[in-house]
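Presented below are the structures under discussion, each in the form of structure tokens.
What follows is subunit A paired twice: with subunit B in the first complex and subunit C in the second.
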Partner chain A sequence: MSSDPLLEVADLSVGFDGFDGYADVVGDVDLRVERGEIVTIVGETGCGKSVTTKAITGLLEEPPAHVDGSVEFDGMDLRELSEDQRESLNGDRLGMIFQNPLSGLNPVFTIGEQLIDTAMFGGKNDDGILSYFRRRRSTADRENARDRVVKMLREVQMPDPEAVLDSYPSELSGGMRQRALIAQALLNEPDLLIADEPGSALDVTVHDRILSLLTDIIEDRDMSILMITHNLGVARQVSDRIYIMYGGRIVETAPTEEIFEEAHHPYTQGLIASIPQLSGEEMAGGIDGSVPKYTDPPSGCRFHPRCPYADEQCRQSPPPEVSFGEDSHAVCVRHTDDGTTPTNEKTKRRLMKNGSVQTGGER
Partner chain B sequence: MTAPVLEVKNLEKYFDTNTGWFENKPPVKAVDGISLTVDEGETLALIGESGSGKSTVAETIINIHEATGGLIRYQGEDITNPLKEQLETIRSDIQLVFQDPTSCLNPRRTIEKSLRVPLKATGVAKDKRNQRVQEMLERVGLTDEYLYKYPHELSGGQKQRVNIARALAVEPRLLLLDEPTSALDVSVQAKIIDLLRDLQEELDLTYLFITHDLSVVRNFADETAVMYLGEIQEKGPTEEIFQSPKHPYTRALLSSIPVTSDSDEEYRPDSEPLRGEVPSPREAPSGCRLHPRCPHATEECSMQHPDTQQVDDVEVQCIAYKEESEGFESLLTATNDTSTESQ
Partner chain C sequence: MSGVRSLLRRISGMITSLLGLSILIFVISRVLPGNPARLALGAFASEEQVDQLAAELGLNDPLSVQYIEYMRRLLVGDLGQSLQTRNSVVQDLVTKLPATFELITLAFVFMAILGIPLGILAARHQGGVVDNTTRFFAFAAVSVPSFFIGILFQLLFGYYLNWFPITGRLSSAYGNEVISTTGFMLVDTILSGSLAAHIDAWMHLVLPALALSFGGLGQVIRITRSSMIDVEGKDYIEATRAYGLPSWLIVNKYSLKNAFIPTLTILGLQYAWLLSGAFVIEIVYSWPGVAKYGVQSVLSSDINAIVGVTMVIGLAFVTANLIVDILTSMLDPRVSFAGDST
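Take a look at the complex of A and B:
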């Protein structure tokens, strides 16, 4: 199984030309999504998660973006494909759900118009104006597509799907819009769904149901999901494997359970320790500093200005990748030298206040 | 015994929805008869989904909105419809910190200028202002170098620190914190919570902490009140609420938190998902406001507005608690199981 992943990203890097100079955002990213697997990318705001998925789906405009590396989807190299071939993949075999359910739908078309068009034209190449009009006017096709849309809306548990078809996005609540977007992404039965923080703009109770809906759908149809989230709790709930991203680099990857039992990278450990616990267990005081500036990233390990274990070595040379098992890697030098090895416990203790009030706060 | 710092009784805030002369629509009942008290040096957490009226409560307390009915007392004094002189004391004794740290700072003012405004307003002598501004920044853990920066140069967490510093400038006794951490990342959120806790100890502040995230509250608040569609559904000591949540809404909220460890998992009641979404307060349901979404709803729930029941230290507003009947037992069994396991 591991020999034939659905999506394999190797050595992906993304940079942008800007007024402040070249921003080296994403680098050395290796990702793999197996068939039927849910994989999440977790990191703070500004860690390059969304940019990574946009580079994978080819939604970045080049230039100003500079993308490098290989993105292999089911044996095809997406970066080599022509514009036409790509377009027929997006929306057909590659589904996408974007973060904000409010801006993902066009406000001047009804949900029905948008979804039925997706069902009719999604994944179909630009095969000439004639066939476009033929399809556009074909009542049979339209009826057919409409049925499919209604069925799909039922599947995402949309209340009263027939009525929803005739309403505009502004008439729906946030949860319903998110459901409509999920239905739209699933209409052409993609093999891979890329979901950027699905539902995190919604209330907790609704968010929870959207997530369980997604996982149910996956089980039913043997799809894969590459999901982005900033919430480790969400990642734990849904995913099989987790990639932790910091400063545009993957700093750790492991199967979900392993991350929570025994994280290896200080950043992961810091994140876990900062989450408020229901059991009322004392939490660490958060990680000092903030995400690096991409125009002038820190030398060596990008996490070193915030790391409680950092020393001269971290400042000077990029950290090596250390393997802890087949699917478990972390990029941290502390696991190779004889210094203290970071563990959840130790990191938590170091991040606790213990009088070391760092002035300067989040920088 | 001294009067509680803040006492709210049957507070009502209705918003008029009529736009034309001849319309006669019922008002939106954003806050509908809530009561709470916060004692000196304590933290009360007000929890609920968006649209439940939590922010309106805070805004009504400091008279951004005029209360439709009910009573607000600050240190025993009635401030429901404050006189001009009263308003001055309220505004310097009670301060509000908003959710979005970016939109509350003027982008064209440096941090120093933003911090000077409240000092000027409360009549601090000109020659003392400089020193005060520096003290304020230091108190929230920022150095002097931030004085002459503009808001866009700061990260979200730093901006929230500045907002807290500004709220503290007039030396308030009571802080209303309206989702102060929900726009921040976890690593930064933990820092802000830490800061708030330190400040409370140092300055003997009283907090009304508004949030939708139950897990933040666990370590932080002494008492917790759960709000839904303008009404308080359950209120009691935080410990109690987490150990044995009674109201179906509290249980649903708790069960939908994505947790990160097995020990936390035990604190979650068995999943009791609510149907649908928060209805618009324009069309608040009859009877118990939760009944269209509640998994335990009976016919009675839609007919009759539930009374508030006192169960141990907790006040619950749910019909199932009216008598010690089977409904009472059946609601409680699931919770009891989980809480005994975790002890």
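Take a look at the complex of A and C:
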């Protein structure tokens, strides 16, 4: 691994002021994405994944959000940038694909209008409002942008791109809208693409096609990806390295194969145990309980109310980080004492004993 | 559904509404207390004269006969004779409408060109000076009756500051210079070739139009503000920020088009509401418009004039609605102005 990561997040924390008091959502998040690397953040719905990426891209409104920590992108501290600098970085070097293709496109503009504007004015192309009108009139500029958009739509395998340009989002299928969104995010050739559960709002077959499309496109270019998913299977399919997130904390990280070979954190093990398998083996029905309330999070280790290994120590103090290799860490106290070291097998048995044995995903 | 067919469908709907309105006014105008013939002829007319006029007007006939006669004349565009002015109601309306039209159009323009930018500003800086001022202003505007605002403006801008004339459409000095050809003072003064008179007409127009727009202006600001804030939180706007589009483009193009749709609905309704607001403002500013004519006709039980004025207002309402619906369907591809979803 090189020592010059494209994205390096250190000690990131995010909280929100709300009606129920202060919600401490994300904390102590360290993560990095190397050049050309695909990294996923995996966790249940509501565990702080999207908030983390929004904090990275600067999309959170402060206040009500309180963001702390450092986000370094290619040597620049993103938290220090002015709004203008930020605008020119987003789109140009940082791309983002949104979770829901049905709400990610503006319903009252045609696909062409939105994509051509992104191609012409996304990223560093802001010279003020006068140049907007001048450049909009310039047919050469517009034709050029239009060609880029059509080319990109072809690349994301959009059927009949020319016709799509004149369509409104409501006239396209979910899969086509997702393709349009991917094209929009890639238009200005970002160095880092942040993808928030791409395609997960679509049905399974379309989701699968979108994912393989995305991995194909990435392979063709020199691009890094930070992808969010609640699905370990997806993470395994696409990523080089995985961060497991629970309750707004990174609980474990390791290269993808290592996680599936030997997970160390009971939460990761629980997630793995609840992946349906074709072998017909019995599987754990999932991890009982749900993600913590952020206005009143559990003391000590945030996972303890749902952890099959939890004891007094877990309730009282935050767990230490334990290293298992250069890129492999877990945050769990069970690996430092000489008692029960959690393993995949043990966790699975414990989860099955606790609860129902059923088929179903991690939800 | 093709555009022409939807349009025809909407127009037939409008006609139905106007038909309903005409029946309603017929009933109301016939049950109003007071004998229209007596009021028209004055206190000193003899009983025979009153009876004769009532017979001429058909007021002694059974209601059903009166109704058939009323509808027959309405369909050919004959609104009868005004009992106060003794002119045909249609002729009265034609001479008075332009003054009102001028007034409410300028009030409408004030609402749109002040309301929308102020709403955007208030949304961009929530809790800021513009936001708080316009909030206070909007509440004040709806809770203070418009005649009071009219008088207040007259006192402040007319009497104390002496910036604007207080009443009328034109200073008497220009009375002979300007020939009424269209009835629109701003146009007539130009046609008469007098720039001074044209400016004078503007000066007369600004104050009542501003007073008239006041209530609606607050509403337009607030609705623009809240729909801008609503739209700013949508995924597709957040996405444009992630793509690095400049923020002025996001606000003034992408957010505004979405946020403008609710504002447009309010603006459309306001245009018709301005006509009813004009009833008060025209009296306060001695504006010789159709609203003032309407008030006088109600006070003197001038049934034909009441019908005429009400139909004009009704027509304004349905037309404003149709225009809003057509514009909305142009702005939002998901909306069809025929009223059925696509």
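A few comments on the model shown:
We adopt the following convention: the second predicted complex is superposed on the first by the 348 of 363 C-alpha atoms of A that agree within 3 Å, B and C clash if a C-alpha of one lies under 4 Å from a C-alpha of the other, contacts with A are read in each partner's own complex, and residues count from 1 in each chain.
Please note the rule applied: a contact is a pair of C-beta atoms (placed from the backbone, for glycine too) under 8 Å apart; a residue touches a chain by one contact, two chains touch by 3 or more.
All of these numbers come straight from a predicted model, not from anything done at the bench.
Note on subunit A: of its two partners subunit C and subunit B, the one contacting more of its residues is B. Of the two partner chains placed around the shared chain by superposition, subunit C is the only one that A:Pro107 touches, whereas subunit B remains out of contact. Once chain A of one complex is fitted onto chain A of the other, the partner contacts of A:Thr52 are absent, as it touches neither subunit B nor subunit C. Of the two partner chains, subunit C is the only one that A:Asn90 touches; subunit B does not reach it.
In the superposed model, A:Ile272 makes contact with subunit B only, not with subunit C.
Shared-chain residue A:Ser239: touches no atom of subunit B or subunit C. Within the superposed three-chain model, A:Thr205 lies in touch with subunit B and out of touch with subunit C [touch as defined at top]. Contacts of A:Ala185 after superposition on the shared chain: subunit C is touched, whereas subunit B is not. In the superposition on chain A, contact of A:Thr256 is made with neither subunit B nor subunit C.
Subunit B contributes residues 49-50, 138, 140-143, 154-158, 161, 185-194, 212-216, 218-219, 239, 242, 252-261, 263-264, 266-268, 273-274, 276-278, 342 to its touches with subunit A in the complex.
The touching residues of subunit A, when paired with subunit B in their complex, are 44-45, 159, 173-176, 203-209, 211-212, 230-234, 236-237, 260, 270-272, 274-288, 290-291, 353, 357-363. Across the complex, subunit C is touched by residues 57, 59, 83, 87-92, 94-96, 98-100, 103-109, 117-118, 121-124, 126, 128-129, 132, 168, 170-171, 181, 184-185, 187-188 of subunit A.
Taken together, the subunit C residues at the contact with subunit A in this complex read 234-249, 252-254, 257-258, 261, 331-334.
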